Amino acid sequence: MSISVQHEDFDLSTEVAALRAGQPGVGAVVAFVGLVRDMNEGSGVSEMALEHYPGMTEKALAAIVHEARQRWDILGSRIIHRVGALQPCDQIVLVAVSSAHRGEAFAACEFIMDYLKTRAPFWKREVTPDGARWVDARETDDSAAARWARPES
Amino acid sequence: MIKVLYFAGLREALGTAAEELALPPGVADVGGLRAHLAGRGGDWEKLATTKNLRFAVNQDMARADTPVTEGDEVAFFPPVTGG
Amino acid sequence: MSISVQHEDFDLSTEVAALRAGQPGVGAVVAFVGLVRDMNEGSGVSEMALEHYPGMTEKALAAIVHEARQRWDILGSRIIHRVGALQPCDQIVLVAVSSAHRGEAFAACEFIMDYLKTRAPFWKREVTPDGARWVDARETDDSAAARWARPES
Amino acid sequence: MIKVLYFAGLREALGTAAEELALPPGVADVGGLRAHLAGRGGDWEKLATTKNLRFAVNQDMARADTPVTEGDEVAFFPPVTGG
């Protein structure tokens, strides 16, 4: 259940291998990688900067993983979220989940991403031909997270 | 004393990332603190007028009625956009 | 929309990099990796062999990808399914999907896996302490695939 | 002539992976072919008794009423278990 907030890039194969290491009961790994696109809301993006709230970021991500573990029978998870300056095509985030069967890994990975998008304190600022701007939150992110709401929570 | 943090566009608009202040008399929750800070006028009014402002108390997501007490860390920020 | 049925292993990072190459509009990649577990149905598994129906396999996978493209706005996909002899912890299958936003990539990747599990002609044979046995199809695979059924299809 | 293929556990049970035969008189669909082959008796009766037997015609998943005509490739196999 490892979580990193870092400037450095990451290697998908290396991270998934570490997630599986010593766990021959893992039958499924689902990995999500988020990337900087060269276009957003109709404008070209030449650069991106990711700000975060140190301390709260790690706490929020740990809480999300904790909730995922309570909901699904998963064997492991790995989250890496980069901060600082990024370029188009750069990797921003990795969420990888391992489980015995695929259904749990798919659900938990998407759940973690949907909650991360609405609950983890990261903010994107992008540079476009019209200047720099803070990225607006997407309403679809709220509705994606709301899908997972439970009556008791 | 309490610690107050501002992030992203709000930090830029206020020209302030963090400050420490004595818990103002009569302020008992996040909403009260927000109104108090907005009462400074000028750019600080953005704290009142910003739509969808989000809050955290001691690094947990909070609501306007979340209590604020001596020693707390309170943060104000726009909706998050990571991932 | 590349599909391979092969004996050789694959590298996740290499495949995802190729999937994204020259597409700076990709904001999301979801990758599923299926692995040989050392236990199945309560018995230790020391070895596995994957049989397939050459020709139909590729055709069935292409049809599944075609349907995924019609349902979701995805930018690319990569499927690798291994055949032949495999050991516990070996990679069996990769399904990776790229898209602008994550919702499409998650849905299309899980859809492809659920259909692959019920429509692509592969059969697993595993060696256990009690001898070799053909793996039984899981009912949960049928119900997973049925979730995607559409009234018109 | 038609080509008939058998896979996985069924291939092992029949001891046959593939055969070519003249389209038997009166056989017009997969169900008819299945009954004809099972009529050989012995191990071939497994074609009739195997639960959840699956079929393909010309490498597309088929049903018992899928037509079989001269030149077709017909396959019989257990439910698939890849992935």
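Labels A, B, C and D are assigned to the chains in the order they are written; within every chain, residues are numbered from 1.
Heads up, the rule we're going with is that a contact is a pair of C-beta atoms (placed from the backbone, for glycine too) under 8 Å apart; a residue touches a chain by one contact, two chains touch by 3 or more.
Everything quoted here is computed from the prediction, not taken from an experiment.
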item: Interchain contact steps from subunit B to subunit C (minimum; 1 if touching); value: 2
item: Subunit A-subunit D separation of Cα centroids, rounded to whole Å; value: 48
item: Centroid distance [mean C-alpha coordinates] between subunit C and subunit A, Å; value: 23
item: Chain centre separation (subunit B, subunit D; CA means) in Å; value: 71
item: Residue numbers of subunit A (touch at least two other chains); value: 34, 102, 113
item: Shared-contact residues (touching 2 or more other chains) in subunit D; value: 83
item: Set of all touching chain pairs, with the criterion as stated earlier; value: A-B, A-C, C-D
item: List of subunit A residues in touch with subunit B within their complex; value: 34, 50-53, 55-56, 59-60, 81, 92-93, 113, 116-125, 134-137
item: Touch list for subunit B against partner subunit A, complex; value: 5, 7-9, 12, 52, 56, 59-61, 75, 77-83
item: Residues on subunit C engaged by subunit A in the complex (per definition of touch); value: 11-14, 16, 20, 24-39, 88-89, 100-103, 105-106, 109-110, 113, 140, 144
